[in-house]
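The chains carry the letters A, B, C, D, E and F, assigned in the order they are written, with residues numbered from 1 in each.
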Amino acid sequence: MDVKKILHVMRHAPHGTVYTYEGLEMILMMAAYEQDLTVVFIGDGVYALKKEQDTTDIGVKGYARTFAALGDYDVEKLYVDRISLEERGLTEEDLEVGVEILDSETIGRLMKEQDVVIHH
Amino acid sequence: MKIGILLKQGPYNHQASDTAYKFAEAAIRKGHTVDAVFLYNDGVINATKLMDPPQDDRHIAERWSDLNREHGVEILACIAASKRRGINEDVMIKGGAITGLGTLTDIAIRNDRLITFGD
Amino acid sequence: MLHTINKSPFESNILETCIRFVQPGDPILFIENGVYAVQAHSRFAPMLEGIREKNPVYALQPDLSARGVTSLIDGVKTVDYEGFVDLVEKHKVNNWL
Amino acid sequence: MDVKKILHVMRHAPHGTVYTYEGLEMILMMAAYEQDLTVVFIGDGVYALKKEQDTTDIGVKGYARTFAALGDYDVEKLYVDRISLEERGLTEEDLEVGVEILDSETIGRLMKEQDVVIHH
Amino acid sequence: MKIGILLKQGPYNHQASDTAYKFAEAAIRKGHTVDAVFLYNDGVINATKLMDPPQDDRHIAERWSDLNREHGVEILACIAASKRRGINEDVMIKGGAITGLGTLTDIAIRNDRLITFGD
Amino acid sequence: MLHTINKSPFESNILETCIRFVQPGDPILFIENGVYAVQAHSRFAPMLEGIREKNPVYALQPDLSARGVTSLIDGVKTVDYEGFVDLVEKHKVNNWL
């Protein structure tokens, strides 16, 4: 069977819309198919990884920690766009999950290598 | 104070349904009257009883039904918006109804406030 | 008149549009993804500090907590859903979407 | 019966989303109720009035001219935000419908006078 | 070329359903194979047969049915996304089916391209 | 790799985000509300002229016509849905949403 390079681009802040949550569900399912998966957080997508999210009072389920569990499903390549993080006044220490922070040029080349790119 | 709510986004897809519900709850708790929740655009999808979310998640349609039963809040879906999105009387939640935009106008007129939630 | 904003300032131009029309003294309440606007040290912090000089600025605490936004710009007041209702009682509303 | 001042704020470009079209349906219905209606076009909402829209090839119905017919329903107060028009490189001549072009300050005061404001 | 389509927005509410359909039509006209349209997020609402748009408007659900019947394009709605939004087998259009995200993975693997339409 | 953009540059920051990642020579296709980006004389015209120096820029004619966008920035090529398919055949795709 072909192994395809599939990139998931997380672009939305959590909770305001379902895109990040349903995107995460898609990544978890694809992880079972032994493809070459990468997840990159760009723009408001970086907010999905913010520490100390407590969704109790808005009455929805939180899921920031599920990103940390992706490693258990052999999804190891999690990257964060440096500029997106910086312009939001955040640093690596603000993130719930261990990720690699990359510059735009590196992410751009990574995108170009993919067979499939899905934005969430 | 008498309050009408206009909800313009579908359930789960956008937080608007949750914020509208939490706002309505708080208003009732403080002694105000929530007269009606009018569903427009994708908001009409809030009113389908076919919704079947995971057990450990909130059930948005049932919450609207409960709000109607317990506090008399009218849950009204715009007919034109509903038809485009496959919502009709057959799938309507208990306590919900399909109506026209004239009803929204009445809601805007008879309430002290009309609050919109959407995207 | 109470203005509400529910979108991240990074993803939407609605904050910049809204403030062109808001009258001095009118309160602005940030809800849902809008609450990122009041986080300290972001690119939008200087704009918010400017707004706060003319208008009371509020943010919905349940939405701040849900997003882990703990460090706020000085002078931003937080409200819960009941505080949101109080603001609606005191003012006519303009919900920017 | 109370007469309420109701403002409809058109904020979206046409065709990409349904908001402007369903907003127009709402305005037409409200026009029958003899309230004090105003419609203002802000941001991409001004694109709804652009001349020469031909939706044939995207397969959806056009409706720019329906805004021109609002006068027949006694909705006479149509205003366009000057800055929104200018930053899009448009002038009054580009618009399908006769409207009054107002500055931000005037629109801001108009908003504050309303009983109800609905964004589309 | 073999093409899969991922559609993430609901009908009428967003142009994505129209653009996806026009793209699929053009691809077929040019001799390519459109393997499947996978509906995700609010995209699942494309698949309800209860949709009842005005006579003079396009019928988005029927167009997807026709594309299935005439060109064998699979129309597949994600089950988890469908349940949240009240889409189930009872309201599914002819030629449509409910399936899991594994199927989307298969579609991504077996096609030369996966194109996304949404918001 | 073909990049598509479907949102108005006035309402979304996606154009500015996308171009940080697009590699020189890769085509960019504007569809749906994205086509407003290629209208001449708008606030975004100078940015688009800069992009066009490094990347081929296309716009979907049916979407331009639907919106009455008739005056385009120099050098923007228009395609119909079949031309869209041709671009997809030539390139892997990255549909920015």
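Details
Keep in mind that, in the parts below, a contact is a pair of C-beta atoms (placed from the backbone, for glycine too) under 8 Å apart; a residue touches a chain by one contact, two chains touch by 3 or more.
Bear in mind the structure is a predicted one, so any value in this text is a computation, not a measurement.
Chain centre most remote from that of chain D: A (centre = mean of CA atoms).
Note on interfaces C-F and A-C: more C-beta pairs are in contact across A-C.
Relative to the C-alpha centre of chain F, the farthest chain centre belongs to B.
Taking the mean of the C-alpha atoms as each chain's centre, chain C and chain E sit 38 Å apart. Note on chain placement: the centre of chain B and the centre of chain C lie 24 Å apart, centres being C-alpha means. With centres defined as mean CA coordinates, chain B is found 33 Å away from chain A.
With touch defined as above, residues shared between interfaces to two or more other chains in chain E number as follows: 12-13, 15, 19, 22, 41, 80, 84, 114, 116, 118-119. Multi-chain contact residues of chain D (touching two or more other chains): 15-18, 43, 58, 60, 116, 119.
Taken residue by residue, chain C touches two or more other chains at 6-7, 10-11, 13, 32-33, 62, 80, 92-93, 95, 97, whereas all remaining positions touch fewer. Each chain pair that touches appears in this list: A-B, A-C, A-E, A-F, B-C, B-D, B-E, C-D, C-F, D-E, D-F, E-F. Those residues of chain B whose C-beta lies close enough to touch chain A in the complex are 12-15, 18-19, 21-22, 56-58, 119. Every residue of chain B that touches chain D in the complex is listed here, in rising order: 6, 40-41, 80-81, 84, 100-102, 104-106, 108-110, 114, 116, 118. Interface residues of chain C facing chain B in the complex, by the touch rule stated above, are 6-7, 31-33, 62, 80-82, 84-86, 88-89, 92-93, 95, 97. By the touch criterion stated above, chain F contacts chain D in their complex at residues 6-8, 10-11, 32-33, 36, 39-43, 45, 61-63, 65-70, 80. Considering their complex, residues 1, 3, 8, 15-16, 19, 22-23, 25-27, 29-30, 32, 113-119 of chain B touch chain C.
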